[in-house]
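Please find the structures below.
First subunit A sits with subunit B, and in the next complex the same chain sits with subunit C.
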Partner chain A sequence: MHFLKSARFQKAIFLFIVVAPAFAAYVLFTLYPNALSIFYSFLDWDGIGVKTFIGWDNYIRLFQDPFISRALQHNLILLVTVIPITLAISLVLADLLVNRTFGENSFYKVLYFFPNVLSLVVIALIWSFIYDGTFGLLNGLLQVFGLGGEHNWLGSKSTALLSMIPLYVWCYVGFYVVIFMNAMQGIPKSLYESATLDGITHMQRFTKITLPLLSGVIRVGTIFLILSVIKGFEYMLIMTKGGPGGSTEVISLYMFNLAFGGLNLGQHFYGYASTIGMMIFVLLVGLKLVVDKFFAKDSVEY
Partner chain B sequence: MRIRVTSWLWRMVLFVWALTVLLPLFWILYQSLKTNQEFFADIWAFPSHLKWGNYEKAWTQLGIGKSVINTLYYVGLSLLISLFVSTVNAYAFTRIQWKLRSLLWSVIMISLFLPGINILVSQYTLMRALDLTNSLNGLVLLAGLPVGAFELLLLGSFMRSLPKELDESAFIDGATLFQVFRKIILPLSMPGIVTIGIFKFVGLYNDFLGPFILISDPDKYPISVNMYNANAMMEFKADWVTLLAGLVITIIPTVIVYVLFQRKIIEGATMGGVKG
Partner chain C sequence: MNKKITWSSLALILCMVLFAAGCSNAANTKGSASNTNPGSTTPATGEQSSEEADNYENGLPRNEKVTLKVGLLESGYGREWFDYAVQLFTEKYPNVTFDITASPKIGDLVSTKAAAGNDEDMFDLFYSDTWTEYVNANKLEPVTGIFEMSPYDAPGQKLNDLIVPGFNDPEKYYKDNAWVFPIANYIGGMFFDQKLFDENGWNKSPKTYDEFIQLCEAIKSKGIDPIVYAGLYNYAQFAFDTKIFEIAEENENNQFRNDFEYFNGPQNTSPENIEVYKRLYDMGKKGYISKKSVGMNHTQSQMLVLQHKAAMVPSGDWIENEMKESAPDDFQWGYMAVPFTNNPDGPIYMNNGLSYSFEIWAAKPELNKKWAKQFLLSLMSNEVQQELVEKGGALPLRKDYLDVPTRADNMKPLQKSIATYMKENQVVLELKNRKIELTHPDYAASLKVIVDNMALVLTGQEQPEPFLQDAEKLLQNAITNDKEAQNKE
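Let's look at the complex of A and B:
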């Protein structure tokens, strides 16, 4: 009885010292701000002055604000380009690394993954230098091949947003190469062997066997990519600040600028920014559900 | 014959992608050893001599020296606290029976569904109300103390795989809970803790948005925000080679950690993605 009592006491102490503060911090710093942002989304508030409750006004404003639809269009352009390009390149590279036995393959896997551990600011600044109008790497390469090379890629409205696409692809491909390699290595060899006996080509093997078996992983990858592309506005924040002329302003950056930018606004909009945050939240959950439904039917078990 | 040609073609594809990763990095390194005049005149030309002085300038004039100390403090302390929190919580949630366990576990797992992007404003106002803005300790608190779902999942599954008899027999021998944790569970969980530690280190070292929003005093900038700021100043100074040298300095710790722990990093980073 005495033993039980002391063991119980130890347990209580342990839980109190260990679980309680970390859990309280989780509730305070993660859960509470989520609730708070719902509250803020109904306010007219500049962050310092009086909080005015304005009901659904901010939500109505979402639909009337032309900058919202413009920003969402930019997001859409990035989503429909970055995701398929990233998936296609990663699938091809992963297939090559798994099914061809080149000596350098294991080195490539590690090298391809490297952009994932690079700091966001470093990536942003490297790509700023790549795209620079006077001493950029891209222009330098174009000059070597005699293809012009005078263009200011991030400085002109027509190319600024499109220039972000290769950056995103460059960042993400390595991660998905590893994910797809793991999945491909999990496919039973016997499936390939019987097909090889039937005289199937590399290409048919890839499209007829590998791709269908990977549909579950591709679905997860698509959801991951949607999340990353919509959330990842820091590159624009660092490289273009949304410019020129708002041509690289994506929805998260617009939200960020409303709250913290104050550059041209002269004022902070904490309430309205929180409303946009809620919209992004709903958007992300909605897109996840759509992708789940879209892919659920044709996922394959083996 | 045809097969050999296509085989080489595919080999080239792999090589080209490798080049897209390596070329920009080497290019930065190459330009960082020139003078500004050489850099502006011709980006391909060899430097007349290697200007290691750019690195000295970056360290002092761009404030990298100071920001490295800030980063060491912020990353080091956050890492220590968060590893402690993750390990003891994983132990409490997987190997001790208590009343609210499954309830608290599910509450923590909620965070896996929260995108986080919608709380930029509210988290900032919360930190401001607690007087934790513009303070490295505030950053440490925010990054280190809250228990994380990902860490709990990873370490928890690791600890669950350890046989139950380990703690039971130790308890019968009269060991206390603390002793069991420290002498048995902790050493056996080391591989999992190291994986999380490296993974966390990379995340903390690269973290930009948090410090960018919360820290306003340049003397307290961690290295990522410092580089952002240095870049913004270049519009007036145009000392690009020094900035590039600063970039190389920023990349060096990443390269070292990656070369040493690439297997663990890749394993840890892709762990969430493998499961459908």
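Let's look at the complex of A and C:
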């Protein structure tokens, strides 16, 4: 029993006790379902009946399915709009709240963060009301300024997807303002002071000092936003069901509808939906690598 | 210190092992208990009495407690009628209790439970609209036998003979059995405020397509949207999806029904289907179908009719009950079907179908399934039917329901309006059933093309032909693949 007294053994036991529960939960609730999804992706299975192994058929179907390319285009539109707009607004607001001493700073922080504590359904209902074609707030506002105000924002193919962009930005900005504010507060004041002595403008201060020193946080923020935009579909599910004419159908919503029969089709396609899940996984890993390539990964020490 | 850590670590590991063993043991015990006495069936008394003495008139034992787990759909019919039915049943059979989970999305809960594969956790009785998948997977109990039984208020008469003809078949027959027990069959069509129509002198029962278009024009001239509908859920189908049969009859296409039922020839691009979509597109283009419909759910669209911002809304006969909390006191729902031919004597095909039903999960204890069948049979008593008709707004399924004059008098205005319409017009109740089932994914994809684009066509924003052709290509591919698969078998 001498080994029981050894520091090495005790350390191993301690680590086991600390790590095992979390690791077990990770295996049970993350790794195992994901491994099952790989298996399901090779099946013709409705989730209830007999599982039929069909090899690569589902993967071949991915490249022939016109709904996939359409949904990915919609994801791409959201990616190239929501992410830069969210990052830009969040950075500007964070800079204002950190470097300007408004009396209402703490109120603004709560205000910006507020959408993060609301439930998805509440947010969807608020924005449905804003965009409503009959009683909507946006149409009401446009009528006040004599700019029409008769448009059915979520019911028109040309505006339904674009209408989702402000919603996403509104939801995400508050969270990233808080993240960027904390990161900005970590930049030593002496850097700004010496730059000020050299005659730097406020804009230069932001672009030459703040942004480069925040690049690591912005990189992480970008990755999180990519994940959210690609995986998110809840607002479309509640507000538009992917319509009209499939104009707001994103890839995750299509996958969800195939798996859980949300298309009023009377059939479920768990196998094919799992294949789409695999494709989303590969896509996200690829986008993460792209982000890593474009952002400097050098850590900053002040 | 080291010693303390060692023994405390060992003690902790020992605790975890014992806890795990305890869980495992508990699970085993539970498993064995359910094997010997499956489900929720347990003896009510310590001693078993003789079966003959302790059985009800239906042959089921009095002394065994049974809990029926019910997945109840919260629909436009409400649940007062169901609670009443449960109360009646439990008064008569006190050994039976009910564990009810009610939700408007109960079908999603059922499919999740089904996918989980835990039969004990599954409902005994539930509503689901994707029941063919469950039948294919041998998960449902046939309910055919219930139609051979006699309700307690009609001894000696088979239920099958008591149901309104057409309401029992052929919709739910599949693979030589009935799997879905009907609770309510809906009538679909156009719903409107009779008072508004009377005030404006509008035609409440157009006999021809031209008369219907004139009605839309008259409504539009008053600055009111003639038709609004729930584009999010494709509610237009309740008014228009049977119109192909009307056009086929007008064209004297006697082969049409057979081609429809067996997927022979073009379906989406059949002359009849294209004609219907062209007319709908024209109606949208002329502003008869409100563009606001596209992003609306059923409640929003029906609210516009209550507020007289729109005149007509396609839906089912549950609408009166569904909107009773919001409807003004003087609002009086009326019904019409949309005629699609110009022959005033030609039949008008009305949309109808199963709007509420129950299925029984096969992998449940036999006694639970027997009680579930008895409960379903009890729902067909006129006592429960009356509650469903008067509180839920459903049409009665029993053909002897109206034999009692007071029951007819107590029907809601909308039910009377539907009955009057059916009496004054030559109508056909059309179920739109297919005789063969397609399972290839391209079939679902072809339906998706239709569902995705329907609202845009109906509001005059997109021409129908391109998407009908896309849907047809997918459909024909599905038909070919399924036929090849069947030949291989």
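Operating definition for what follows: the second predicted complex is superposed on the first by the 264 of 302 C-alpha atoms of A that agree within 3 Å, B and C clash if a C-alpha of one lies under 4 Å from a C-alpha of the other, contacts with A are read in each partner's own complex, and residues count from 1 in each chain.
The definition used in the following text is that a residue touches a chain if its C-beta (ideal position, glycine included) is under 8 Å from a C-beta of that chain, and two chains touch if they have at least 3 such contacts.
Note that the structure is predicted; figures quoted are calculated from it, not measured.
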Partners on subunit A (subunit B, subunit C) - clash or fit: clash
Which of subunit B and subunit C A:Y270 touches, first, second, both or neither: both
First (subunit B), second (subunit C), both or neither touched by A:I48: second
Partner chain(s) touched by A:N152 [first = subunit B, second = subunit C, both, neither]: second
Which superposed partner A:P244 touches (first subunit B, second subunit C, both, neither): second
Which superposed partner A:W170 touches (first subunit B, second subunit C, both, neither): first
Touching partner for A:A88 - first (subunit B), second (subunit C), both, neither: neither
Which superposed partner A:F23 touches (first subunit B, second subunit C, both, neither): first
First, second, both or neither for A:G221, with subunit B first and subunit C second: first
Touched partner set for A:L76, first subunit B, second subunit C, both or neither: neither
More subunit A residues in contact [subunit B versus subunit C]: B
Subunit C-contacting residues of subunit A that also contact subunit B: 7, 10, 14, 47, 134, 260, 270
Partner subunit C, residues of subunit A touching it in the complex: 4-5, 7, 10, 13-14, 17, 46-50, 61, 65, 67, 131-134, 152-157, 160, 239-246, 249, 260-261, 263-270, 272
Residues of subunit A that touch subunit B when the two form their complex: 7, 10-11, 14-15, 18-19, 21-23, 25-34, 36-37, 40, 47, 89, 92-93, 96-97, 100, 102, 104-105, 108-122, 125-130, 134-135, 137, 140, 144, 170, 173-175, 178-179, 182-183, 216-217, 219-221, 224, 227, 230-231, 234, 238, 252, 255-256, 259-260, 270, 273-274, 277-278, 280-281, 284-285, 299
Residues on subunit B engaged by subunit A in the complex (per definition of touch): 7, 10-11, 13-15, 17-18, 20-25, 27-28, 31, 39-40, 43-44, 85, 88-89, 91-93, 96, 98, 104, 107-108, 110-111, 113-126, 141-142, 145-148, 171, 176-178, 181, 202, 205-206, 208-209, 213, 223-225, 227-228, 231, 240, 243-244, 247, 250-251, 254, 257-258, 262, 265-266, 269-270, 273-276
Touch list for subunit C against partner subunit A, complex: 2-3, 5-6, 9-10, 12-13, 108, 111, 114-115, 129-130, 132-134, 136-137, 139, 231-234, 291-296, 300, 304, 309, 439, 441, 443-445, 447-448, 451-453, 455-456, 459, 461-462
